[in-house]
C-alpha cells in the first residue's frame, strides 16, 4: 500500500534567534516532527519546509501536489507568509490535502483562512500541567490512547477559542490554572480536512512526547488526501446543461 | 489484515408471503446483500439472520460479539422485534459495532432507539426515478462513485424525515415527483456509528445495483468496530476517586 | 405577549428521606426552581410535578399540552418513572416542547430516550470548585453572563459523557480535581429542543446561585415550544399521493 | 422594543446596464428588498448601499456599527469589492452582526471569507420550477411557512455546493431538471451568524414572492446582533495572568 506523504512546515525563526529554542530543538521543530513521523511504517516525509528557505517558503506547487498531509507550525512571523502561498495551500486542502495546524499556528493566515473566524484565544506561560481528555472515544485520531494525555509543563491556551464549532471535537484540555480549551478539533473543508492540535511550544519539549506523536501519526492517517473524489473542486463553479431525465419505460 | 465481519439481518417476512418478492429475491433480501458483500476482498459474512429463525432473531450475544457491522432491513413486522434484542444491539453499537439501517428500516425499533426521534417520513410507490446526489465528496462512503447514483424506478421517500440532523450528510435524493430526501446520513453514537441508507425495497431490485452495493461495502469499511477504544462504554457510569494532580517540580 | 409556560418536574424522593436535603431545599428542589423562575417577567409556572404525586407523576396529557418547557430533575428513582410517561414526554418534545435536563437527570429514562446513548459519566463528591466556561459567546442561553460561571463547591462530573455530540456546545466545565465536562449542551429533536445543564445537586445549594438561575431562565426562552411548525410531527409517517408538478407555461 | 436595524447591500451593476433588469427591479434589487422588509413592524432599514455609491461601497464603519443584519446581493462584480471592506464586514460579523447572503452572493468575497471554502456550485438558466423543502420544521427562519416554498421559474443551482457542512440545514431545493441544492444554510461565526438563502436572480421577480420575503424577515430576527455577548471578539488574542483559584474554606 502506498505510504502517506507528509510535508512538515515550520516557520523556523525561533530556532535562528534563540539559544533556548535551539537547545530543545537542535534540528528545528520541523526536524523533530519529521524524525518522529518517519518512524511510522506507513508514513513517508516528502520534505520539511520553512518560511525562509526560498521564495515559496518551500511550498511549491510541485511539493504540494505530492503531499497528502501538510503540518503547520508558526508563531512569530505569521505576517511574513505570502498570500499567494496561502491561496495555494487552501486550494490543495479543498482538493483533498489534509492540513494539521499545531499550537501557535492557530493564528496563522492559513488557519484563519480555512476557518473564517479570528482564531484568537487566551494564553499564559506558567508551565502548567495539562490534561487532554478524549471526548470522541473511537475516533481514529485517538487510536491507542488512554482516557487522556497528560503533559507536565505547558503554555496554557484558554477559551474563548474563536473558531467555528468543530465538526468533530476530539480533545478538551484541563489546565492547572483554571482554564479549559478545545484542543483537538476537526473540520471538513471541500474534499479535505483540517485538524487543529494544541500541544506544542518552542521551548517546552512537547514534540518528544510519545502520545503527542501518536496523535500526529493517527491524524496523518485520518486526514490523508483521498485517491479520487466524486467531485473535482479545482473548477468548482460550473455551468451545466439540462440533465436529461430518462423517460419512464 | 483481519476482514470486516458483517452480519446481515432481514425481517424476512415479505419473502414468505409474497410471490412477487420471492421472484426478485429468491434467497431473501439478506441472501442477496450477503452474496454481494461477500465478493469484497476485505469483508466476511458472519451470518445472515432473520426475525423468525430463533428466539433471538438470530442475534445472540455470541453473534454480535463477533460482528463488526450489522445491516438491518425490516418493514412489515417492526413491532415483532423483541425489546431485549433491541437493547442488545444498542449496547453493541455504543461499544463500537457499526449499524447500517436500510430503506424501510427507518421505522425499526433499533433505528428509533438510536435516534431518539420518530423517524417518520413521506412515501409513495410510483416507480419514480431517483438521483442520489453526493454532497460529501471525499467521504469514504462515496469512494469510487461519480457525482450521483441514479436508480430508474424506486419507491419515493420524502421530507420531512424526522431524524436528528446527521453528523455527516452524504447523499440527498431527487425524485421525479417533486420530492427530496436526506438519503445517506451518518451519526456517531457512543463508540459506534449509525449509517442510514435509503435505497431498497422488497420488489424493486435495488440491491442488485452495483453502485448501491459499492456504498454498502464502503459503509462496512467506514463503520467497522474499532479494535480498541479509549473508553469502555460497557460500564459507563463510573464513580471515580480524586485524580491526583502531580505537584510542580 | 403570552408568557412561557414552564412545568418543573422533580423526582422528589431525596427530600422525603434526607434531613440534609430538606434543610437545603425545604420546599423541594422543584419548589426552589419554580420560585426562582416565577420571578422572571415572561415566565409562568404551569405547575410543579413530582414522581409520587399521582399515577402519571403529575405529567398528564393535559399538563403537557399546556407546557412550553419541561425541566427534569431526578436521581435515585429513574427506574420508577413509567415508560408510558416517558413516551408521552418524548412525543411532546418531538412536537415542539422544550426539555431541560438537570444534573443527575443525565441518567433519566427520558434523557437516554432522547439521546439514544447510555448517558453515563464519571462523578466524584469532593466539594470541588467548578468553573463553567462559555464557549458559545452569543448564544441566547448565555445572555447576561460573563466569560464563566463559578461555583465554589460542587459534585464533579467528568468525561467521557456518553452523549451524541451536541448540536451546540455552550459550556465546558473545569474542576479542581483535574476533570472537564461538557456542561451545557443543546440538541434538536423533531420540532423540539433538549438542553442538558450540569449544575445541581441535592445538598449543594446550586439552585440558589443567580447565574445558574439566569441560565435556566434564558434556556426557557430559547427552548419554548414554537407556536406553529411547518410540519406536524404527531403523525409523522405519511403516505402521499403524487405532488402535481405544474407544467411550464 | 428596539427595532432590528437592517442594511441592504446590492452590487447594483446589472440595474445600470440591462433594461431587462431595470424592468423587473426599477428601484434596484436593493430597493425592492428594502421596501419589502420595511413593512415588517419590528424591522427598520438603516440604508440601502451599493458598490459604486462611494469609496466604501456604502459600508462605512459608522453604517456597520449601527447595523444588526446586513443582506448581500452581488453577481457580476465580486472582484471589485475592496478587501478592506470585506475585512470590515467580517469583523462586524465576528462581533455579532448577522449576514444574509443571497443567491449569486455565494461567490462573493465576504461569503468565501466566512466559509473558508470555494463556494462554487452548478447552475443553469432554464426557468425551472423550484420547490424548497423545509427540513428544520421549527426553526425560527421558517416560521409561518408550510412544508415547502414553490417558485415557478428560477435559475437552477445544483450540488456540489462547496461549503462547510452547515450548522443548521433549513431548506433543500428540488429542481425540475433533476438537481437538488442546500438552499437555506446557517453557520455560527464568532458572535455572529451567516445565513445563505438561494432564491433570487436579476430578472426572475423572486424578491416579490411573499414566502421569500417572509424568510428574509424571519432571518433578520434570527440573525440580529445580540445586545451584549459574554466575550468581546474585537480583541480576541489575549494574554492572561493566572486566574486565582479560590482556596477551599
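Which chain is which? They are A, B, C and D, in the order written, and residues in each are numbered from 1.
The working rule: a residue touches a chain if its C-beta (ideal position, glycine included) is under 8 Å from a C-beta of that chain, and two chains touch if they have at least 3 such contacts.
A quick note: this is a predicted structure, and the numbers were derived from the prediction, not measured.
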Note to self: Keeping to the contact definition above, tell me which chains border both chain C and chain D.
What the structure shows: A, B
Item checked: Numbering shared by both copies at the chain D-chain A contact, with half separating same from different -> same
Item checked: chain A and chain C: spacing of chain centres that average the CA atoms, whole Å -> 37
Check: Roughly how far is chain A from chain B, going centre to centre by Cα mean, in whole Å?
Finding: 33
Margin query: Quick check: what residues of chain D touch more than one other chain, meaning two or more?
Written below: 134, 136-137, 147, 158, 160, 165, 167-168, 178-179, 188, 190, 230-231, 233, 245
Checklist line | Sites on chain D touched by chain B in the complex | finding: 131, 133-137, 147, 158-161, 165, 168-169, 172-175, 178-180, 182
Item checked: Parts of chain A lying in touch with chain D, wherever the complex brings them together -> 90, 94, 107, 113-124, 126, 158, 160, 162, 164-165, 167, 177-179, 187-190, 230-231, 233, 235-243, 245
Next item on the list: Mind listing the chain C positions that touch chain D in their complex?
Entry: 96, 127, 129, 134, 136-138, 140, 142-147, 150, 152, 167-168, 176, 188, 190-192, 226-231, 233, 245-246, 248
